[in-house]
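Two complexes, one shared chain (subunit A), two partners (subunit B, subunit C).
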Partner chain A sequence: MRPAMRVLRLQGFPIFRQLQLEERLMHKTDENWCIFNNGTSPPTIVMGVSGSPEELLDVDAVSRDGIPVVRRFSGGGTVIVDEDTLFVTLICSRKAIPSLELFPRTILKWTGELYKNVFWDNPDFTVHEQDYAFGQTKIAGNAESISKDRWLHHTSFLWDYSPPRMAYLTIPRRAPAYRLGRSHGDFICKLKDYLSYREELAELLEDALGRHFFLERTRLEDVDEEEYKHRTQFVELLRSPI
Partner chain B sequence: MALRSMAAQAATILRIRCQPHLAQALAIPLARGFATTVPIPQDLKFLESHEWVKVESGTGTVGISDHAQHELGDVVFADLPEIGSSVTKGKNFGVVESVKACSDIYSPVSGEVIEVNEEVKQTPALVNKNAFGEGWLIKVKMSNVSDLDGLMDPAAYEEHVKSGGH
Partner chain C sequence: MSGEAANMVSEAGIVEVPLAQTGEGIVDCELVRWFVKEGECVEEFQPLCEVQSDKATIEITSRYKGKVSKVNFMPGAVLTPCFFGFFRVGETLLEIMISDGDGSFKLEEKENSQREREVLATPAVRSLARQLGIALKDVAGSGEAGRVLKDDVLKIASVKEAVESDITGISSTPAETGETVPADEITDFDKISADRVEQMQDDKVIPVRGFRRIMAKTMAAAASVPHFHYMEEINVDALVKLRAHLQLQTRSKLTFLPFLIKALSLTLVRYPILNSNINQDASEIRCKTWHNVGVAMATDSGLAVPNIKQVQKLSLEEIADEITRLSKLAAANKLTPDDVSNGTITVSNFGAIGGKFGSPVLNLPEAAILAVGRIQKLPRFNEEGRVYPASIMSVTLGADHRVIDGATIARFCNEWKDMVEHPEKFLLSLK
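Coming up: the complex of A and B.
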């Protein structure tokens, strides 16, 4: 019998609130979840748990333009997200997939197979190191949070992106080998060049998830708002002295 | 010593000025690349979640296993508790970050944190290099010796790993 998974589809939900919601669902429930958010507002920079603004951002430009910066609870790199970012988050209990050992590579292998079914008609879909890619270009960044009995895997797909906004991010010191020093524009591709419409990603994903889970649509207002001490917080930036 | 020599030769080939701290920095990834199965020290006890404890005179030294570091990948950050804080057996006391993932780490024993491995905080790759030795994470003044009951001995932990770690 397939385990149940609650599916939450959001539209333009602020990423800070989404991350805090995910953190709460990961740590305060034992249910399985799929969260799909079609875009976010305002444009926001999101760093991993150990991200350093001075290393990863053009701090002066970010401060000058008032771009919010969030440090999330999961690992991984830095992204800038906006109305053209599609978010997919999976939160699962160990017992949902008992054969899955809860380590980053094994989880990515499982989700990689899931997304291979999502992008079934694109033979170039692959997993490069820890990225989802079409051929040699990255289609999505992802990150994980793993506890003893639960795991979370969240992914941000670029339906489209704004090169000026990308310029807020520096090329990270630690980059996957297949990046080969390429600029953001040469390294990343746009999902709109591969899918017909934005909601198609959610529909394909639900088809793929339905093979493993019994899906139950859920509304945001039906999700419990339990108290939780979040690690996800806004970051205050210090501009360099003039 | 052999790894330091190899790193020095690599640095020469790559035309890098070989200062001792750079040679050491190169040695750590080289050590990881040449790592083989590490024997499990026989004086450790384990949680199912792959943390170990070594008890000496009522103090437990805690770390993660070599299997865990291998499965996590390159450890890039360790968030550890403050000295003086309390930890509880089976409860989360910190996280290690490995490239794209944050993984909770659990304490095999209860008590007060009396030491935190500052070298690991500075150089998280030490966890990969020597998970059972210099990659230790915290030291705990144990509040209850019976916490060791129910922990796995090395043979049981090895079986646990072979069976897929469940």
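Coming up: the complex of A and C.
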């Protein structure tokens, strides 16, 4: 029997609330989850659990333009997300896939196979170092959080992106080798050039997940709101003195 | 340099706990936070700290029950993992004074071999455990008086690698050597690895019961019926857009199948011969009034074909909800006899699993079956003669040639295809 997985499809849900929801579902439930969020508002910069804003952001521009900055609970790098970002999060218990060892690399290998089935008609889909890519261009960033018996893998796909917004992020010091020093525009690609419509990603993903899980659609109002001390918090930036 | 990273135990019963491998080779990790502090008692499997590699935060748990005697690093420190199995290069993360559960702290490791001898198990089971590198003292025996059985050992081996480690959940993987597994060697990741297959010596016998038995009998009977098949391609661009739009308006799970089934029912009104069955001596064809459309479902127990009753009276949402309801029942092996009987025509959506073309077998005593393959993005010419990417779905109709001729199937398929390619035509049938 396939284990059950609850599927939550959101539309324009604020990323700060989504990350806090994911923390709660990861640590306060033992169920398996797939969360799909079609865009978010307002545009927000999301940083990994560690990392210095001064190194990763144009702090002056971010502060000047009032862009919110959130530090999430999972590892990984910094992204700017907005109405053209599609979010997919998988939260699973160890027993859901007993043969899967809970390490970052093995989890990424598993999810890579899942997304290979999602993008079945694109032979260029690959996992490049730790990114999902079509050929040499990145289509999504991902990050994970792993505990003893649970794991979370979240991914942000760029349906489209705004180059001015990308300028808030600096090129990270530790970049994957295949980036080859390219600018954001040359390094990442837009999912809208490959899929017909935004919801198609969720549908293809459900088809692929359905091979491993029995999917149950869930509404946000049916998710328990438990007390939890979240690590996902807003970051206060210090502008350089004038 | 120690040859075994696990055996870092001093005579005083203190275990030095390194940052063991996180499954990514020797990759520096940053210590994010501690969950314990010096002097605090810890239980086996209790989280000790959280570290971060490039993309992941990972909880490190304790293998021992004891007391934290020393914490060596503050959050923010960058640590090199221990490359165990060869030599140790990493730092000691913390030190734990071992407890044996009765309040006293003494070395657990010195008693391991004695504890191993005390576990009830046959020589064959002990030999198997040794081969798999499993310590019998770590196995919960399900036999009488806690005896460890062969299945208990195999169960443990299936969820963890047989290596020594200081910290639960950390073990070596091929990826630690820095090798990349070529893409063509990554097949179905749910399959048992080649190493495990070697250990499965016996053939597997599957009794033919339940759905499997029904399928075997039905297919054997269908083999005697003269089948013919008719194939077509459907451009579902319009349907893809419509479905995406309607899915946002309803809580029902609106896949393509409800649309295909409703279009099938609307077309059957003009071609009732496809919704019929023939008696045993082929002397009488009965055209059914109700459109009880069967949906083939693959379950763990075999192929099940429950049918949606009276589709001609149902809306798209109602059809979608019925598919969901029957799928759940099928997966739980709880379909009733009424669910699977009195079907009049069947739809098989093998495209949901994979595959583009098929030769469906009739679900007797029905006279026709529709098999739907996967939607592909293919180049097609538009009205201006330009190439564009179109969503194309291949379908195969199977029919009983004693009942239906090729021309009838072709005309039926043309009309059904027209409705699917122009779903706005559903509105013409509204009453």
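Here is the rule we go by: the second predicted complex is superposed on the first by the 242 of 242 C-alpha atoms of A that agree within 3 Å, B and C clash if a C-alpha of one lies under 4 Å from a C-alpha of the other, contacts with A are read in each partner's own complex, and residues count from 1 in each chain.
In the analysis below, contacts are C-beta pairs under 8 Å (C-beta built on N, C-alpha and C of every residue); 3 or more make two chains touch, one makes a residue touch a chain.
Worth saying up front: this structure is predicted, and the values here are computed from it rather than measured.
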| item | value |
| --- | --- |
| Clash-or-fit label for the pair subunit B, subunit C on subunit A | clash |
| Touched partner set for A:T126, first subunit B, second subunit C, both or neither | second |
| Subunit B versus subunit C as contact partner of A:P53, first or second or both or neither | neither |
| Contacts of A:K109 with subunit B and subunit C, given as first, second, both or neither | second |
| Partner chain in contact with A:E200 - subunit B first, subunit C second, else both or neither | second |
| Partner touching more residues of subunit A, whether subunit B or subunit C | C |
| Subunit B versus subunit C as contact partner of A:A143, first or second or both or neither | both |
| Touched partner set for A:R211, first subunit B, second subunit C, both or neither | second |
| Partner chain in contact with A:I97 - subunit B first, subunit C second, else both or neither | second |
| Subunit B versus subunit C as contact partner of A:P43, first or second or both or neither | neither |
| Selected from 55-63, 271-279 or 361-369: the stretch of subunit C that, after superposition, runs into subunit B | 55-63 |
| Those residues of subunit A which subunit B touches in one complex and subunit C touches in the other | 48-50, 73-77, 94, 98-99, 101, 103-108, 130, 142-148, 174 |
| Of subunit A, residues touching subunit C in the complex | 1-2, 11, 48-50, 73-77, 94, 97-110, 113, 121, 126, 130, 142-148, 174, 196-197, 199-200, 203, 207, 210-212, 214, 217, 219 |
| Subunit A residues touching subunit B - in the complex, by the definition given at the top | 48-50, 73-77, 94, 98-99, 101, 103-108, 130, 142-148, 174 |
| Touch list for subunit C against partner subunit A, complex | 22-24, 30, 32, 45, 47, 52-59, 61, 76, 158-161, 168-169, 171, 173, 175, 181, 183, 186, 189-190, 192, 237, 240-241, 244, 247-248, 251, 253, 255, 300, 328, 331, 352-353, 376-377, 391 |
| Touching residues on subunit B, where the partner in the complex is subunit A | 48-49, 68, 71-73, 76-77, 79, 92, 95, 97-104, 106, 164-166 |
